[in-house]
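Next come two complexes, and both contain chain A; in the first it sits with chain B, in the second with chain C.
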Partner chain A sequence: MTRPYVPWLLLAVALALAAVYLFPLYWMYITSLKSGSEIFANPPTFWPREADPSVYGAVWSRRTMSTFLWNSTLIAAGVTAITVIFGTGCAYVLARYRNVWVDVGLFAILMLQVLPASVMVTPLFVAFNQFGLLNYPRTAVVLAAAAKAMPFFVVLVRATFMTVPRELEEAALVDGNSRMGAFFSIVLPLARNGILVCAILTFMSSFGEYIYSKSIIQDPSLQPASVGLSGFLGPNSTDWNSIMAYSAIYVTPILAVFVLLQRRIVSGLTSGALK
Partner chain B sequence: MTAQIELKNIEKHYGSFHALKNVSLTIDKGSFVALVGPSGCGKSTLLRSIAGLETISSGELSIAGKTMTGVPPRHRDIAMVFQSYALYPHMTVEENLTYSLRLHGVGKAEAKAKAAEVAQTTGLGQLLPRYPRQLSGGQRQRVAMGRAIIRNPKAFLFDEPLSNLDAALRVQMRKEIRALHDRLGATSVYVTHDQIEAMTMADWVVVMRDGIIEQQGRPLDLYDHPVNRFVAGFIGSPAMNFIEGKIASDGRAVNLVGGERIPLARQAEPNQPVVAGLRPEHMKLATGTPTFHFPVGNVESTGSATYLTSADGHLQLVQSERSTVSVGDRVGVEIDPALIHLFDPQSGKRI
Partner chain C sequence: MKHHRIRVSEFGWGEGAFSSSLKRRLLHPKCFAIRLLPQREGWSAARLGGLMQRFLSGLRDGVGFDILLISIAMLFLIAMAGLPLVYNVLMSFQQVDMFTLGSFIRPFAGIQNYIDVVRQPEFWLVTRNTAVFVFFSMAGQFVLGFALALFFAQKFPGAATIRGLFLVSWVMPGLVVGAIWSWILAGDFGVLNAILKSLGIIQSNIFWKSDPSVSIWAVIIANIWLGLAFNMLLLSVGLAGISRDLYEAAELDGANAFQRFWTITLPMMRSTIGAVLSLGLIGTLQQFDLFPAITEGGPANTSTVAQYWSWQMSFQLYDFAKGATISVMMLVLVLFASIIYVRSTRHEVRG
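Right, the complex of A and B next:
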C-alpha cells in the first residue's frame, strides 16, 4: 500500500467507529420523536414521518424529571468538588516529589482504579450503615463516587502538573513568592486547562453514576436520573418514545457542555515557557 | 572590598552522592564571579544553594552579612536568571517583569514605570504587551535579565543563561550582561561550562570539579598559573597539550619519551617523571633550531588562524600566520621555556 492511502484508510476506520458510537445517539433522538406505531415499523424509518415533541413535556412532568436531574446535578457537583479540591493537591505532590512513599502512594491510587464499583458497593454499604451515613444517602453516594473518581483524576492531573516546568516555580520563589503562592499564581494557572478538562470528565461520569446511587438511595425523591431511568425500563416496557425522550433530556445537557468547552480542552497554554 | 556572599565549609549530599565537598568562597561586593567546570561538578548546585533552592547539608552561607542558612529564597533578596529563562508563559512581558515588584507590594503605577525603565535598558521597549511565546530566543533572554534587574537585588545569579542562544547572539549577550553588571554596580555569580564565557566576563573565576573548588583567581592568573593539570586543561582554548617525560639529570630540561628534550627556564628536581604542559598558542613552527618535532595529522585553517594537530592527536598547535604545512609533514616546534608548565604525573599538581 502506498503512503498517501494510509491516512485515508485510517480516517475511514475512525469515521466508522465514530458512527458505531454516534448512531445510538441519533437513534435515541429520532425514536423519541416517533409515534408508537412508527417505532415498530418494518423497515424502520430513519427520519420520523411526523415528529411529535410533545412527549418531552409529558415525560418531564410524569416522571418528575426535575427532581431526578436536580439530584444528579447535586451528586455530580459534590463528587467534582471533592475530587478537584483534594485530587489537585494530591496530584501536585505526586508530580513534584520523588521518593519511596510517593511511589507507594501512586501504586495505591492505581490499585483503587482497578477495583470496580460493583465490588466495592457491598462493603461500602455496610460501612456507611455503621457510620449512620445511610440517613444522608446523597452524601454517602457523593463520598463513594468521589473515591471512585479520584484515581482517574489524580493520574491525569499529575501528568498535567508534570508538564509545568519546575523552573517556573523556582523563578517565582526567587522572585519573592512562597511555595503556596507560587503554586497558586504560577502552577495552577498553567495547569488550569488540564484540571478543567479532568473536572468536566469527572462531572460527566458522575452525572451518569448508577451503581452506588441504585444501591444506597432508596427514597425516589433523592435518586438521580440514572436510577430514575432504570425504574422506567422493565421487561415489558413498550413506551419507547418516552424512554428515549427521558434519555435525550438526560444526555443533552452533558453533550452541550462538552461541545461548548471543547475549545478549552484543545487550546494549549504552556507553549513558550522554555527556550 | 566587602564580602557580599560568603560560603564557609558548605557540604551538600543527595542521598549517597556528595555534591559539594567543603566549599568555601567569598564573593566581593560588586564583583563578577564565574563558577566554571564540567557538567556534574557541582557549580549549579552551589548556585542553587546560594539562591536557597537547595538546602545545604552543613556549612554556613551568608548574604550581605546575614546568615541565610535555612532562609527561604524569597527572603534572600537575590535574583536569578535560569538557563531556560523560566518566563511565566501566562503573563505578558510587563507582567513578567513586574511580578516580583507586585509580590513586594510596589504600587501599580510605580511598577509600570519601573518596567518601562527596565524595558528601555534591556531593549524591550515595544515588547511589553507581548507574551513570552511571541518572542525570539534573544528577546526571551532579555526579559529574563530584565526580570532580575528590576528590583535591585543583593546579588544576581546566572545559571548558564546563554547556552540556549546561537553562537553570534551569545557573544553579543556576553558583552551586554557584563556591561549591565558594570552599570548597575551589582554583584553577580555566573555559572557556565564554557571557560571562554568565564574568562571574558568574570573578574574572578572559580574552577570546580567533583564538588570541590580546584582553583580560584583572576582569569589571567588561572591561565598563567594553573595549580593542577585539570585547571590547566580546562582553562584556555584550544586545550593545553600534555607531554609525558622525565626531568634531565641536570634539572634544566624535560627529556621526552622519543629522545628529544625541551629546555626549561628554571631548575627542576632532576630525574623525576613529569607531565609538561604546553599551550597550543605558545608553540611556534621553528624558524631556528626546533625544540622538538611531531608529524602532522590534520591541518585546519579558519583564515585568521591555523590549527595543526599531530598524527596521534595528542598535540595541537595554533599559529596566526598562514602555513604551507600539509598532512604527513614532520614539523619542528619551538617554545619559550618560560611558558612551559610542569605537573606531577600522579597527583596532577603543578611543580
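Right, the complex of A and C next:
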C-alpha cells in the first residue's frame, strides 16, 4: 500500500510551514525596501510597489553603524577568544575523567549555564564599579559575556571530545609524546571541527549580546549594534523602514553564516545540546 | 621504552584514576619524603632547580596538565559568575544606594529589602505577569515544537534541511527579533492585525503593545516564535532515539496512531521531555531582550516580568539593593528548574 505522492505532499506542507515560520524575516527585508509612506499603507502591501534601497545608505551613515558593528565584532571576538582558550581545556578534562570531582564540575557548569544574565548584571556592575573596570567598559562586557557563554561551550565541546577515541591518545603516549604533546598534536586536530562550530555559535550569540552592553557601556562610541538598535526602538517607534534596514544590515551576516553552516551547526547541537 | 610502559599503565583512565593517582603521589610516605623533603644536601640551588623541573614536567606530562587546564577555566568562572552570585545575595541584605555603591562595607539591612520589594505596589502584578509569561511561553513552545518535531520525523525529501531552517530564529540577536515582532504587532499598521482581519478572526485592530490587557501577550507571541525551534530540535533528537521496532510491533498488534503516540512515544520520551521543559523554563526566565524591544514593560507595568523589573530597579532607578533582591528571589525559581534539568539529563551527561 505505498502511495508515492505522500512524501511530496509532506514536502509541500513542510515548505508551507517553513514559509509561515520565516515570514517575520521576509517582512523585515520587505519593509526595509518600502518607502516611508508605503509602510503605512492599509491594507499592507506584501511586495513593495517600488523597491527603494536608499534607506540602507541613510541608516548606515546617520546611525553610525560602522562604529556599532565594529564594537559588536570586537566584543564577540573577545568573548569567543576567552571562551575557546579557557573552555576547550576544561571540556577536555571533563571528558577524559570519570570521578566524583568531574561530577561536581559538571554540575557547577550546568548550574552556571542556567543563570540569567539579568540576575548577574547587578552584582557584576557593582563589582566592576568597585574595581574600576567600568573605565574599560568593552573589556568588562567581554569578561561578563565570556562567563555567560563558556558553560554552554564546555558542554558542547565535551561531547565532541567524547567522540575522540582514547586509544589514539594512548598510542601517542606509548610513542613517546608527553600528555601536552598528545593533546596538541592528536586530540585537538581530531576535535577541530566540533570546536570550530561551537566557536562560531559563541561568536554569533555574543554578536547579539545586549543586556551587559546596555548596562555597562555608557559611551555611544563604544556601544555594540544591539544597543544602537535599542536607541531608536520602543513602543512608540514609527521609523519602521529605517529600523528594519538597520536590523537587516545587522542580521544578514549572521544569517549567511548560518545558512552556509546549517548542517554542521544542527548536528553539533544535537550531539551535545541535550546532554 | 620501559619508562613509557610504566607511565602508560600508571596513567590509567577510568573510574577514580584522577583521585587515586593524586592520592598515591601525595600520601605515599616514601614518595613524600623523597620528593619534597631534602634529606642531606639541604636546599641547594640545584635541588630547587630539580623540584622546579619536576613541577614543570608534571604540568607538561602528568596530572598537573589536567589540573592546569581545568583550573584556569574554573578560576575564571568562579571570579565572573560564582563570586558575583554570592555578592548578589550579600547585597540583597545590605543598604545599597548611590552613596554606598562604591564602598566595600555597607550598612546591614536585614530582610528590609525583601519587605520593601513585596510592598511595592507592582509586586503582585509582576509576579502574575511572570507566571503568565513563563507558563504560556513554555506551553506554546512545547506544544508547537512537539507537533513540528512529529511532523518532521516523517520521511520525505529535504526533511532535515527544512527543519534546520527553523533554527534561524535561535541564532538571531534577541533585540532584532524583538524589533521585527514589534513592527508585526504594531497596532494601526501592523501586518498581524491586517492578516487577522482579512481572515475574519477580529473585527477591529488589537493594540498589542499599548492595550494593558494584551501587552504581555505581545511578548509571549514573540518568545514562542523565538524558542519554538530549539524545542523542536531537542524533541526531534529524542524522537529519533526511539527504536522503529517498537512502532512496528505495536502496529502489528493493531494499535492506532493515537495509541502508539500515547503508549510508546510519550513514555519513551520522558527524560527528553523533562529536559526540554526545564530548559524551556530556564530559557524563558533568561529572556530579556524582547521586553525593551517590544513593550519596555508597559503600559503601566502590565508587561513587566521579574527579570526586567530587576534590571529596571538597578539601571533605571539605581536602586541596586532592590534589583539584587528581586534577582535573588528569581534565582530560587531558576535553581528549582535546573535541579529538574540536571536530574533528567544526569545519565546522559555522564554517558
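Everything below uses one rule, namely that the second predicted complex is superposed on the first by the 237 of 275 C-alpha atoms of A that agree within 3 Å, B and C clash if a C-alpha of one lies under 4 Å from a C-alpha of the other, contacts with A are read in each partner's own complex, and residues count from 1 in each chain.
Everything below uses one rule, namely that a contact is a pair of C-beta atoms (placed from the backbone, for glycine too) under 8 Å apart; a residue touches a chain by one contact, two chains touch by 3 or more.
These figures come from a predicted structure and were not determined experimentally.
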Partner chain in contact with A:Leu115 - chain B first, chain C second, else both or neither: second
Which of chain B and chain C A:Gln218 touches, first, second, both or neither: neither
Which partner, chain B or chain C, touches more chain A residues: C
First, second, both or neither for A:Pro189, with chain B first and chain C second: first
Touched partner set for A:Pro165, first chain B, second chain C, both or neither: first
Contacts of A:Thr252 with chain B and chain C, given as first, second, both or neither: neither
Touching partner for A:Gly176 - first (chain B), second (chain C), both, neither: both
Which superposed partner A:Met28 touches (first chain B, second chain C, both, neither): second
Which of chain B and chain C A:Leu94 touches, first, second, both or neither: second
First, second, both or neither for A:Ser226, with chain B first and chain C second: second
Overlapping contact positions on chain A, where the chain C interface meets the chain B interface: 170, 173-174, 176, 178, 269-270, 273-275
Complex contact set, residues of chain A against chain C: 6-8, 10-11, 13-15, 17-18, 21-22, 24-25, 27-28, 31, 39-40, 42-44, 82, 86-87, 89-90, 92-94, 96-103, 105-112, 114-127, 129-130, 143-144, 146-148, 150-151, 154, 166, 170, 173-174, 176, 178-180, 183, 201, 204-205, 207-211, 214-215, 225-226, 229-230, 233-235, 237, 240, 243-244, 247, 250-251, 254-255, 258-259, 262-263, 265-266, 269-270, 273-275
Residues of chain C defined as touching chain A within the complex: 4-5, 7-8, 11, 13-19, 59-62, 65-66, 68-70, 72-74, 76-77, 80-85, 87-88, 91, 96, 101-102, 104, 148, 151-152, 154-169, 171-184, 186, 188-189, 191, 194, 198, 209-210, 225, 228-229, 233-234, 236-238, 272, 275, 282, 285-286, 288-289, 292-296, 298-299, 307-308, 310-311, 314-315, 320, 323-324, 327, 330-331, 334-335, 337-338, 341-342, 345, 348-351
Sites on chain B touched by chain A in the complex: 51-53, 72-74, 76, 78-80, 82, 84-90, 99-100, 103-104, 131-135, 137, 140, 147, 157, 164
Residue numbers on chain A that touch chain B, as the complex places them: 165, 167-168, 170-178, 181, 186, 189-190, 269-275
